[in-house]
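What follows is a pair of complexes built around subunit A, which joins subunit B in one and subunit C in the other.
Coming up: the complex of A and B.
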């Protein structure tokens, strides 16, 4: 129980600290401006304007959400080490695992908060443009949030053992590859070399399958989204993020701060 | 002294800022802004590559290419000139986001400069049908391309027949299918199709229209019998008939009697081409084109022949 309170306190402090960061607001403003840009872009098409408006809106949310997740995640642990506040915190009865978890949960709360703000902007613009909104959109936004939470976990992992610059490169790389693993597996399945096929399968298994969190097209077109298309990615996302965090904790616990 | 220098520096900054602002505004207003696609420097990636490279933003990338296609058509005097470009763009759009609707029909409208373009439009329309099997319009455009440009009435009838029971499909589609079947498979196939429609429809208005179409087929049957007689006349006498009556007149007529026009009207030779028709209908039982459509089709064929002739 005590551990939970400590994690909660750390998460709260992280949230307060992060929302004081002005760059976050700049990114958020950019995202909202881009969502609104959908109105201009859709006007360039003489048909299916609502679709374009929502494609741009959901795309902007996913893009900026991921950028913010990486931006916040890569510095999360390094900043404490750099400012040497880590010594003060760890001198208190707080374990390193609690510290990592608290930081992660604080950042994730920030991510969901900014997702909420961007979603509200998206919903408002869709409503003003008479574009349909349904449960599909809610599912798309929920899964986007989960993808961002997963990216925060990945960024936290890299932040546990390297510099913010390298961590951002690695996290961005994982994000890019995470969107390609399905295609890679499919392409490799046509290969005559069994080792290539196996390698592609293992890459797909080991790296996050970020395309599983993408139901934007179905949402915008009002196509049916099966329950399993939402619940399974949620389970997968939670499971994967937890594994990444455990790895981050292990690495962070082994780190020598002297 | 220091204050004076500071004021001087501020003036220099202001003048520099105004000068660069003026330079920016003037040069911006004179920037050439041709449509990239129309200029020919628009890079169109291979659809599969575009899909992989879009990193989960397929819908956004598809929208980008769709807007490019719209700009090309909107900015060009003769958009069909850009058919290969439009075809490439729409292929990318519909590979990235196959659930779009209008781009498929857009392709069908503009990919008409050559049989290759029409075939490409048809491939896109088949993709549309795969993703929107309940939308009759894609079958309609595909069927139209088949009979209007590719002149494959059998394929057109097969495609349109799949659309006739779909929601929103216009009533005339069934009668068009009957006409195409007549062209492709003969009168009896069209008549059987119409009899089936008459037996299954519950709408009195629709039934009346099918019965009229069936009546047209009966008239067409007799007209074709007369066409054959006319052909025999030509063979025997080395010239065409002056009037329909020539078929039964003279010491050695090609037929003993003329079949009566089913409505009590008469058979006439119509227009410059002296086509044999019933005066009741004034035309033969075949797909009918509006005058402008007929002109367009003629023009299209002439252009094709010219292109084939010049080896382009």
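Coming up: the complex of A and C.
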């Protein structure tokens, strides 16, 4: 019970820190402007105007959400250590694992809050353009929130032992590769060399398979999305993020704060 | 607080035994021993000074005690608990050197945050925070963000943070560093007040006058080793050193008479004479000087011990470097 209160307190404080940070509003405004550019782009086309509008919208949300997730995530632990704010926090009856969890959950809450704002902008623009809105769109947004939460966990892991600069390179790298692992595995399966096939399978298994969180195409084209296409990625995302966070805690537990 | 009962029988608040810390400055570089089998203990209710020149290992020791870094070997306990545990820290307060806090919080939010982390119940929280704001004199600034605080204010809100959960022992790292004379006095008064409340205070410092003014006992650390542990009295005048007395307006024949008796321990600079006598003879000398019609301008106990330990360490280091 005490641990939950401490984690909640830390998460709340992290949320408050982000909300009071002005840079974020700039990013958020930019994202909303980008979502709105879909209107302009779709006006250039004669066909499928609504689809282009929504494609651009969902894409912008995914891109900006991830950029914000990485931007915030890579500094989450490093900043506390670098500015020595962690000294007094850890002198209280709080364990390092509670600290990592509190920071992570606080950041994740801010990510979902921003997703909510961007989703509202998306819904508004779709409604104004008379584009259809359904559960498919909700599923797409939910899963991209999950992908962002997973990226926050990855960024937290790197933040536990390296500088924000390196951590953002690593995290962005994992994000890019994470979207390619499925294709890579597919491609390598045609290879004659068994080692290449094996390697591609292991990369796909070890790195996050981020394409599993992507149902935007079905949503935009009004294609059916099966229940398992949502539930399995949810289980996968939560499981993967948990493992990454455990690793982050293990690394953070061993650190000396000099 | 019911948890208090299980810690009160401990009379030694801090016990450090053979604590060693090796640091590796970088890849491939040789290990550097920053703490070399240090041992000391802190008794309940005392103000304990941990004294040494910059870079001696004071902050490293404190960080080991606060669980921020792990010792290479040896034992460190607070209130009978290994410092790697976390639960006992509800009885421990800590103020780091030149503290930097979440500057997006207001003073009141800041204290509430630490109160919650320390497990203070909602019912006591508000009253405790108001009492602390009064104690450190920051009620007026309580709703301003920490970003706007001066250094002295940060130090005081930091001290309030270390006391928010009413701990039994408070660890302060250079609490007076970087403060102006008024700020120093405020912090000093607060520390003395903690002792009257029965709290134990562990204080890192390299400023000897602060230590002499506040501390009951000290440990001196230099080059990662404990050089002395004991009462502050050891630094008060004794033995060969003594008290310096400065006087003016002494008649030449009276000065000559004194000089015959004191010899090298008296220096004459025109009107002004400087005398050094053992501590016990100060009263006698002062009476004599006044009887001779002299005006005493300064009486200063000669406090050489702590400084001489510092100096000898520095000299040792130089010899080592050659």
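Assume the second predicted complex is superposed on the first by the 258 of 258 C-alpha atoms of A that agree within 3 Å, B and C clash if a C-alpha of one lies under 4 Å from a C-alpha of the other, contacts with A are read in each partner's own complex, and residues count from 1 in each chain.
As a working rule, a contact is a pair of C-beta atoms (placed from the backbone, for glycine too) under 8 Å apart; a residue touches a chain by one contact, two chains touch by 3 or more.
It should be emphasised that the depicted structure is a prediction, and the values quoted were computed from it without experimental measurement.
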TODO: Check the residue A:226 against both partner chains and state whether it touches subunit B (first), subunit C (second), both, or neither.
DONE: neither
TODO: Applying the touch criterion given at the start, work out whether A:16 contacts subunit B, subunit C, both or neither, answering first, second, both or neither.
DONE: second
Open item on the list: After the superposition on A, what does A:198 contact: first (subunit B), second (subunit C), both or neither?
Closed with: neither
TODO: Return first, second, both or neither, reflecting whether A:5 touches subunit B, subunit C, both chains, or no partner chain.
DONE: second
Task: Partner chain in contact with A:62 - subunit B first, subunit C second, else both or neither - done: first
Open item on the list: For A:90 in the superposed arrangement: first (subunit B), second (subunit C), both or neither?
Closed with: second
Open item on the list: For the complex, give me every residue of subunit B touching subunit A.
Closed with: 51-52, 55-60, 62-63, 66-67, 70-71, 97, 99-102
Open item on the list: Considering only the defined contacts, which subunit C positions touch subunit A in the complex?
Closed with: 23, 60, 63, 66-70, 86-90, 92-96, 99-102, 104-105, 109, 113-114, 116-119, 158, 161-162, 165, 171
TODO: Enumerate the contact residues on subunit A facing subunit B in the complex.
DONE: 41, 44-48, 51-52, 55-56, 58-59, 62-63, 176, 179-180, 183, 210-211, 214, 216-217, 220-221, 223
Open item on the list: Applying the document's contact rule, which stretches of subunit A touch subunit C when the two form their complex?
Closed with: 2, 5-6, 9-10, 13, 16-17, 20-21, 83-95, 256-258
